[in-house]
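Labels run A, B, C and D following the written order; every chain starts at residue 1.
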Amino acid sequence: MASSKTLRLRTPIVIASGPGGFGEYLNVDSIDWSYVGAYTLKTITLHPKVGNKPPRIYATDIFMINRIGLENPGFVGLKKILDSGELDVLLSKVPAILSLGGDSFEEYVEITRLVKPYLDKFLAIEYNFSCPNVHHGGLSIMSDREEWRKLLKAIRKETDAFIIAKLGIESGFVEEMAKIVALEGWNGVTVINTIRGLIINSEGQVLLGGLSGPALYPIALRAVYEVRKVLPDIFIIASGGIYTAQQAKEMLQFGANAVSIGSALFQNEYVINKIGKEIVEFLKSEEKQ
Amino acid sequence: MASSKTLRLRTPIVIASGPGGFGEYLNVDSIDWSYVGAYTLKTITLHPKVGNKPPRIYATDIFMINRIGLENPGFVGLKKILDSGELDVLLSKVPAILSLGGDSFEEYVEITRLVKPYLDKFLAIEYNFSCPNVHHGGLSIMSDREEWRKLLKAIRKETDAFIIAKLGIESGFVEEMAKIVALEGWNGVTVINTIRGLIINSEGQVLLGGLSGPALYPIALRAVYEVRKVLPDIFIIASGGIYTAQQAKEMLQFGANAVSIGSALFQNEYVINKIGKEIVEFLKSEEKQ
Amino acid sequence: MANFSAELKKQTKYKAFLLTKRIVEEITQNTYLITFEEDFDFLPGQFCMVSVGDAGLTRKPYTLGRLNKRELAISVKIAGKGSEYIVKTNEKLNVLAPLGNPFIPESNNGAVIVAPSCLAEGIHLSERFDIPLIVASKTELNEKFVKKFKMRVFVGNDEYLNLLSELNHSAFDWIFVSGSRVMEELAVKNMPNKVVYVSLNEYMACGIGACKGCAVETVHGIKHVCTDGPVFRGDNIWQVQRHSD
Amino acid sequence: MANFSAELKKQTKYKAFLLTKRIVEEITQNTYLITFEEDFDFLPGQFCMVSVGDAGLTRKPYTLGRLNKRELAISVKIAGKGSEYIVKTNEKLNVLAPLGNPFIPESNNGAVIVAPSCLAEGIHLSERFDIPLIVASKTELNEKFVKKFKMRVFVGNDEYLNLLSELNHSAFDWIFVSGSRVMEELAVKNMPNKVVYVSLNEYMACGIGACKGCAVETVHGIKHVCTDGPVFRGDNIWQVQRHSD
């Protein structure tokens, strides 16, 4: 069932879906895009979403919580950008991964069908099954494991693209979820997504959102380790609290094929160059041995 | 099915199972035990466990990871301490909750049967279904949801004690797990337990263990919120990263009946008095209104 | 969503500048004016995102200002660890700029009201458009500033409300307000006769339109402070009861 | 597990003391001797858990020492944020003590080897049992200490190994070693003729037997450094190849 496609990234560094938006960081000078293997776009759903009411984000010293609510222009918006060539600037500088989401079984399948004509523009499709900030889809699509398995099967049937399932840790033990993904012939997993959290901001407003940033790192590292232990061959993108080259290396050493930079962009987008440089040198020195 | 028992704690502050050991903190002068509603004992399993090989613990600024592996003297050890009256010093100062664990369905049921003669000594039994540090039981007992549901039923049938299920967030959405617990007639839930993490210590050794401490707090708070939303009546003990009275109050405000102090004991056990004093005053002032 | 593609086009280039502090002066309790050796181009209303190293998980947004039509400046209220870092560090500041849309007034017949935390912007607008500068503060200002720059100072809530009612009946076409949300809301609601512009303060993670974190509700739906603002017409944010004359 | 109940009985009372620093002196690079105004009773080999406030999630274990048979002291190597706090803070130190088992030697015919980080303990044992004090260090010691207290100092790995072989053939009944794990292992393995005692350094969370975090593997199975130690016979920790004479 699995497509025989492989994913060769020029570097094992990817921009996370969401924090990187739809390519806005390309407007920041001084980022060396040759360090980036792929820019994952913000999740696109079949229908446009206006996202959640503000406030949407709050940070402490050790984590941030966001409840964006998958604000995105929907397939129509995506189509417009692709047809008009607007995304070509991005694509000329860095390969991209498309991220897709949905509110129901049918939506996931439908958008998979709709993006088919554009797949030559993308390295892979990442399916966001774990966004904690939408009421339908996201979390709930994984609550019913049999339903979700059917969905994985349906998507796999629909496309021979390199498809990656993005998994959180709350719908079931992540390695068991990953096993299902592999069994259904998918090519990769991204672990992990944000974990549901709650914070009260300085105005006393309650934010129910997804937790990202430093606090996530040891949990994500463990997830990579557990998934790699049971699935020697699957492509793994590590996501969660990666801020330093040392952490990126650990992720690679414990089994990740690539590491994703998300919230760290907000502290200073220059993190891409810092991690990129060290990782590229590290891989060169490994090769020599 | 549910027993009609209620749990009245003299204060809504409990000592977490594990960090508090088997009452060792009673040997520390200057802790005011009148601030503590219950001392949860370290989890006891049917058979003694020597625990995991060292190293077992490592901490950073924002979390700690432990892989104790449920070291405990087993039911025989527990029986000895209870029969000899050794535990009476503890019990004379602070009410206790018994924590039980197991490696299999049968073990959970068996130890439930064995502790029956001693239940008048304890306020409640907390069942640890979520220890990430044992190979059998713990995590895996919850991997098979139907099996676990049967176990809940079997335990409920065996005892009319006030029984509390301790849930992690990795075996399935915690509010869905809690609903099952309630459906099976249990009296309470403790949310959450440690989350599986991985850290490399200063000696380069890899620790696969459970993450506790500050990084857990927003996740635990959210879990309390979600469980309370779906279960207005269940008794909830909040556990995870509680270090301050402010956090304890938030937990109570979002639906917890009691808050558990675990890792914070290690920073300075005086935290009990600090949180205790403020919470007791806070509750008094609430009452007045 | 209609203007998603328009938004993409609007993007310009942002640069990270390293800025050397020249002077750090106290404006009022806990609030400082910082001027820099270096300079770059920007327009009134635009802001920057200041990196605070390990003192925060995000860059921190600050409105850009200019003193005496030449010196680049920001004003900073110490609100937490990030702003404290900005005021106290001896290192150069790493600043991503210029961000957001310029404020282009319809006439030069306006006035600007700022809190001390936005004084740099206030001075800039006042000098640039040759309009009166008004500072509304909770605490007394450092005498030096009051003398160095032409400004009227109002201290306390009552004085502020009096000011608003005075301005509401003044001849100004528009009033630009930059400070806390409460202060801006009061301005909009208490000057129903005027076009009031406000510079919003939503929590920002990226500052460049990527994260969608800085959403605000407007009468035209969700907008993003960093790419649609930071300056908005007040009546787009709050319902205003227009008086029928 | 057999002695679980025995362990429970062994428990004594622990107290949190507030200690005022008297003197903080550099022993060698990055390592300091701290003496205190206050005092409390303890026995050789026992340790304390020092609270480091927000500089760490656990109290930090330090061996207790005493200078000139009266002054309470600890020595501290700066290894991270917690130890840095201990050395640098001007606040009183909050110290839980006395913890662990006393070291009770079988005779007074012994010697004590310590790393600079355990010098306070070394001085204490040496004075208390009237035995030679030997310091094994990677870097040169501050001259002051060498003069103030009677000690032999060995700097560097080669010197240390020579020392061990000298002691192995000495007339001492036992040697007490306190320093890094590597240093202790070398001592045990290179003095097979002697009874060697080592003070172990496992990571500790509670220090009082509650958390079971400080487990070590011994030839008799898992033991806990805080309640079974911190001092162990070296041949209980490492297999020793006894020479047949």
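Keep in mind that, in the parts below, a residue touches a chain if its C-beta (ideal position, glycine included) is under 8 Å from a C-beta of that chain, and two chains touch if they have at least 3 such contacts.
Just so you know, these numbers come straight off a predicted model, no measurement behind them.
Each step here moves to a touching chain, and the least such steps from chain B to chain C number 2. The greatest centre-to-centre distance from chain B, using averaged C-alpha positions, is reached by C. With centres defined as mean CA coordinates, chain D is found 35 Å away from chain B. Chain B has its Cα centroid 34 Å from the Cα centroid of chain A.
In terms of their C-alpha centroids, the spacing between chain A and chain D amounts to 49 Å. Residue positions 61-63, 214 of chain B each touch two or more of the other chains.
A linear topology is adopted by the chain contact network, the touching chains following one after another without closure. Listed by label, the pairs of touching chains are A-B, A-C, B-D. Those residues of chain C that touch chain A in the shared complex are 1, 4-5, 8-9, 11-16, 51, 56-59, 81, 94, 96, 202-206, 208-217, 221-222. Per the touch definition, chain A reaches chain B in the complex via residues 61-63, 65, 139, 143, 169-174, 176, 195-200, 208, 211, 214-215, 218-219, 221-223, 225-226, 250, 254.
For chain A in complex with chain C, the residues that touch the partner chain are 18-25, 27-30, 42, 48, 50-64, 66, 68, 71, 73-74, 77, 80-81, 84, 86, 201, 213-214, 263, 265-270.
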